[in-house]
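Multiple structures are listed underneath, in structure tokens.
Shared chain: chain A. Partners: chain B in the first complex, chain C in the second.
For the complex of A and B:
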């Protein structure tokens, strides 16, 4: 809005509209100042911008591969974001992803039915999350160091149990489901998985009792306790969900890459935090939305596809990642300031 | 107010320090007890050199933690320092000292940038330092795309100097610890602890909160750069991802050093002993002939045990003398009133 369109008084200074008056442009402004909206807008803008790096972009194939590759980050980032919402961190993501992938592959190869193996692996990862939750909620240890320690223990147990066996091959059914070669109603199956997971995760975080309680605990543990929110059990459930989502990501990665070694999760820890931060969540907890996290995850994925297409080196990619996090942080900060000025 | 904070802190620190030292002494004496080949100056000297990168890094990490902040850039600065040292010294073998100074400057600048972004723009520490870690890994990857390179012996020997069998590095570490102990008693140090325990109160009592916070990140940046130089001396090569292991081990070492993750409590000297325990642990397992891959599990369990130590002692204290605690509480409140 330029200055001359605003009414001025005799002294020439602008008469500002009453802030209590909710005008339409004001509301639109507030809508676009939300980090979630900004992330999704940048994500959508990335597609026409992709033309810069390759004349074959934008294409339907690019969108498809973004969604297929983005699936894993969307899944991991749900658990990470849920934990960050409580003011914590989950550093055991890499090992839990590896547990999910290893257990599924191992059990399926010893003759378990695929669904049984998946269920057992998911339960195994849920137990891992549960242990984290118990240590954080009852022993009151800082989540950062608890998950660091449990992750270190799990990683070493996996190494010990597997005795350095070569990578576990993926069961055929799982591979065909997540490799992106099969389609259902013309849409590749991993994209269906993405939609279904995102929907369930959205309902859990944004629409369920446990989701509400998580926001409360993240904002103020003491206030929540006073208000009668069962803080400990909320924390335990949140960490269990985080374990499950890491495990599911591991199972999906096993299918996608048709095999898994124990390092399969190593490259997902920092991106999971990055996606949550870029998606506009407060890293100290209490604020954020899963819709933003999905936007952040998909934005990072399309960015990395574009950078690879442009032939950018790993170093340039990393610098851009870092810069994007900083821009997201500053944008969120400015959005909050204007939001505060508005109300 | 300030005076009571200092006296309260003086009373608290020794406990943490003693615990950290005891953990280290127990682990190291067990090593000496079961492994005869460790009982000589040469092995000890090697241990010190191996310890240096982590020990120096945790001085920085714990200083930031004490302010209630969080610094993940340790991995980035350390890795970049390692890569810069490798690339520059192989290109200009005679410029060891200027290169060293330049790298320290790099650490300072990165730390200052972190501090300014966090304190002046009010951004979240963990996210800012994550971003700067990722950026610096990128720069390191551009300078050196794969692990390798060779560092001239003149440069590595500068850091591996030994005087009568004793590593000069140990002297450097002791000097750094003394420097930190001195700093923690200056106005800067007192402000550090006050920010960590109650930022609002520190602001109200007119302490230079912002400058001190930026200073903490800058100090930490220099420490990470020094740590990277010592790492270069040990490995004699560069690795753009050299910093990554330190992301986790530095926080593990700080936990073993009983530094609080909530700010306001702890000692960098104790964290150095925590780093010592962390480096000694695999040696102990090797001595016990426990397979290598279990070291992660033992490390995790040790961290959890170290975390539960204050918890246990608090429970024990509460059971033994609930009345005494109440008395000291009122006394300290009276102290406070007197000063005001």
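For the complex of A and C:
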């Protein structure tokens, strides 16, 4: 693959180049070639480019809408991205989102205090994730099939349990927090939620032990096992986190829409996977940054807003949406290849 | 490695065996003649496709409540089945129902044409089919639908899309920028609403459609799509919406706007109307399913005489002036919404002539109707021939496609002419 053109010393060992001697342009080039950076660059580019579709763009309102509407995708894409890191998929996202919304609304409506309802709903969704994790880790079934099945079962259970009242109202406190009408220090409260969630999620995925183990397992289960990484418990924890993040998205959607029915999660599955992949994570696992995922999620949201403003028919919108995602993926691939060629 | 594959394939084999056993068991349980003897009670099926939202739930409950009323319960065995959104599954479910000896199938069809073959099988065996809200083309089936419906007190004014479009234009005095919130792309319902609305909007050069999006008849999606459109057009003057208008209102409120909105029948919308929000509430009544069940059972009891194949539900119509809260659980004194219900509760569960016995309870629980009123003269509710093409895709004998200029407002819509 590569001829060893590096100098050797007397003993025959290679003298590695001193990184500090790498030229600045080369390092800048390597920085910008990373998929994470590319996706954020395209995201930022969407704003001046949006002038093409509307004389009212770019605007502060556009940025605010992007962050408020992007919150749900950022949350859902964290769980999905965490699972994708391990080489799996979580197809139970729509039903877990619905579970989070349904439980919160239902409990709050029967008299539970809001925080109690939220906590109970989060625990319920964590249990859902736990079940997924156990089936994937111990029964060793492919995550694709497992989560498809559990999601299906959960969906049916919710349908049966909700007879007559599939739509749940949202507790007033939750609505005021997520509807975008309230602001704190001049910034709408959902944007604060985005920042707080993103920070916590970043720390979990990129700076914690469980995060490191997840990367290890995603890269190679066998090597991880040999190295002593507890693969099973790592997988279980990852899927549990995925369940929690889907549930939280459901709770936030319940607040935003001040009410939700069982289909509240239906439109979030494919976008969650798209955000993760556009954000630079490898679809087979083992590589990817949550910072990239956030960028992917926000890019998809602003893209949707800009396309909406373009006033094009739905068919044209869908085509453009697909084309721009392809461009983002190709750019990320080119970046990766360029980056690899430099090493 | 090889042993691991063997273990996996053994596991897969075990699961496959378990799955087949479950399916066989289920099939036996619902097979022909399996449920307690034949000839005792006729079998009636309520077959849903979509589910999980208020509209579908209320519709199903009303149908079940009618079928569960004492006078019907003693003669008919009613089963509700949800097929989901896969049309193949609905076809196979209908086949199973026919095979198990169904006499009546009341259903929400997923496609106007895909069920043709299974319906022909059923009709040949004497099964009565009644479809509600969404329509089918097959001749032997009955359609109960509001899509082409007209206002009860002005029967010339037809089509939800056209009438609400005209109302919006009137509220805007003929000029302004508007959003269009459509339903599920590709469905005939959405297409008819949109086409008839556009036939009105195109007559007013002062009306500019600045954004068109698909809320998919879902309040939360409509809210998000409206929020996105508002980012680019904060100066919009009005919104024409299909189902999901509760979400449209919420997005407008978050942006601090109170502009004319026309939509369907959600509780939240009617509540805001009664508080002064400019607009009109019309659209699809869940009562259709109750009416469909009544019609079907009437056919089983008294035969098909006097029941037209194409039944048109009158169009509900509630404005800012006429929106009024109901004190109890009935539509009395001109009240038309229930303050205690969920935002997305669809209020049109009554129909004064066709479904007077409905109640809020029936819509929420599927029980509670003690006496079923007789149907009125159904010929009064027959769909006029000139609108046939919208629900059956063809015109009746002796009629052909053309432009309808008489007996209908808006004038000049495509239809059937003699």
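Quick note on the criterion: the second predicted complex is superposed on the first by the 319 of 343 C-alpha atoms of A that agree within 3 Å, B and C clash if a C-alpha of one lies under 4 Å from a C-alpha of the other, contacts with A are read in each partner's own complex, and residues count from 1 in each chain.
The criterion applied here is as follows: a contact is a pair of C-beta atoms (placed from the backbone, for glycine too) under 8 Å apart; a residue touches a chain by one contact, two chains touch by 3 or more.
The shown structure was predicted, so the numbers you read here are calculated from the model rather than taken from an experiment.
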**First (chain B), second (chain C), both or neither touched by A:321** = first
**Prompt:** If you stack the two complexes on chain A, which partner ends up touching A:256: first (chain B), second (chain C), both, or neither?
**Reply:** second
**Prompt:** Touching A:270 in the superposition: chain B (first), chain C (second), both, neither?
**Reply:** first
**Request:** Considering only touches as defined above, state whether A:329 meets chain B (first), chain C (second), both or neither.
**Result:** first
**Item:** Which superposed partner A:138 touches (first chain B, second chain C, both, neither)
**Value:** neither
**Prompt:** In the superposed arrangement, which partner chain does A:51 touch: chain B (first), chain C (second), both, or neither?
**Reply:** neither
**Request:** Please indicate which partner A:157 is in contact with in the superposed arrangement: first for chain B, second for chain C, both, or neither.
**Result:** first
**Message:** Applying the document's definition of touch, where does A:313 land relative to chain B and chain C: first, second, both, or neither?
**Reply:** both
**Request:** Considering only the touch criterion stated at the top, classify A:61 as touching first (chain B), second (chain C), both, or neither.
**Result:** second
**Message:** So chain A touches chain B in one structure and chain C in the other; where do those two contact lists coincide?
**Reply:** 139-141, 155, 159, 164, 313-314
**Item:** chain C contact footprint on chain A (complex, rising order)
**Value:** 53-54, 56-57, 59, 61-62, 64-65, 68-69, 98, 139-141, 155, 158-159, 162-169, 179-181, 253, 256-264, 267, 304-305, 308-309, 311, 313-314
**Prompt:** Which residues, counting only chain A, touch chain B once they are in their complex?
**Reply:** 91, 135, 139-142, 144-146, 148-153, 155-157, 159-160, 164, 270, 273-274, 277, 282-284, 313-323, 325-326, 329-330, 333
**Complex contacts: residues of chain C adjacent to chain A** = 8, 11, 51-54, 57, 61, 82, 185, 210-214, 216, 218-221, 223-225, 227-234, 246-247, 250, 253-254, 268, 342-345, 364-366
**Fill in**
chain A partner, complex, touching residues on chain B are 70, 117, 121-124, 126-128, 130-143, 145, 240, 248, 251-252, 255, 261-262, 291, 293-301, 303-304, 307-308, 311
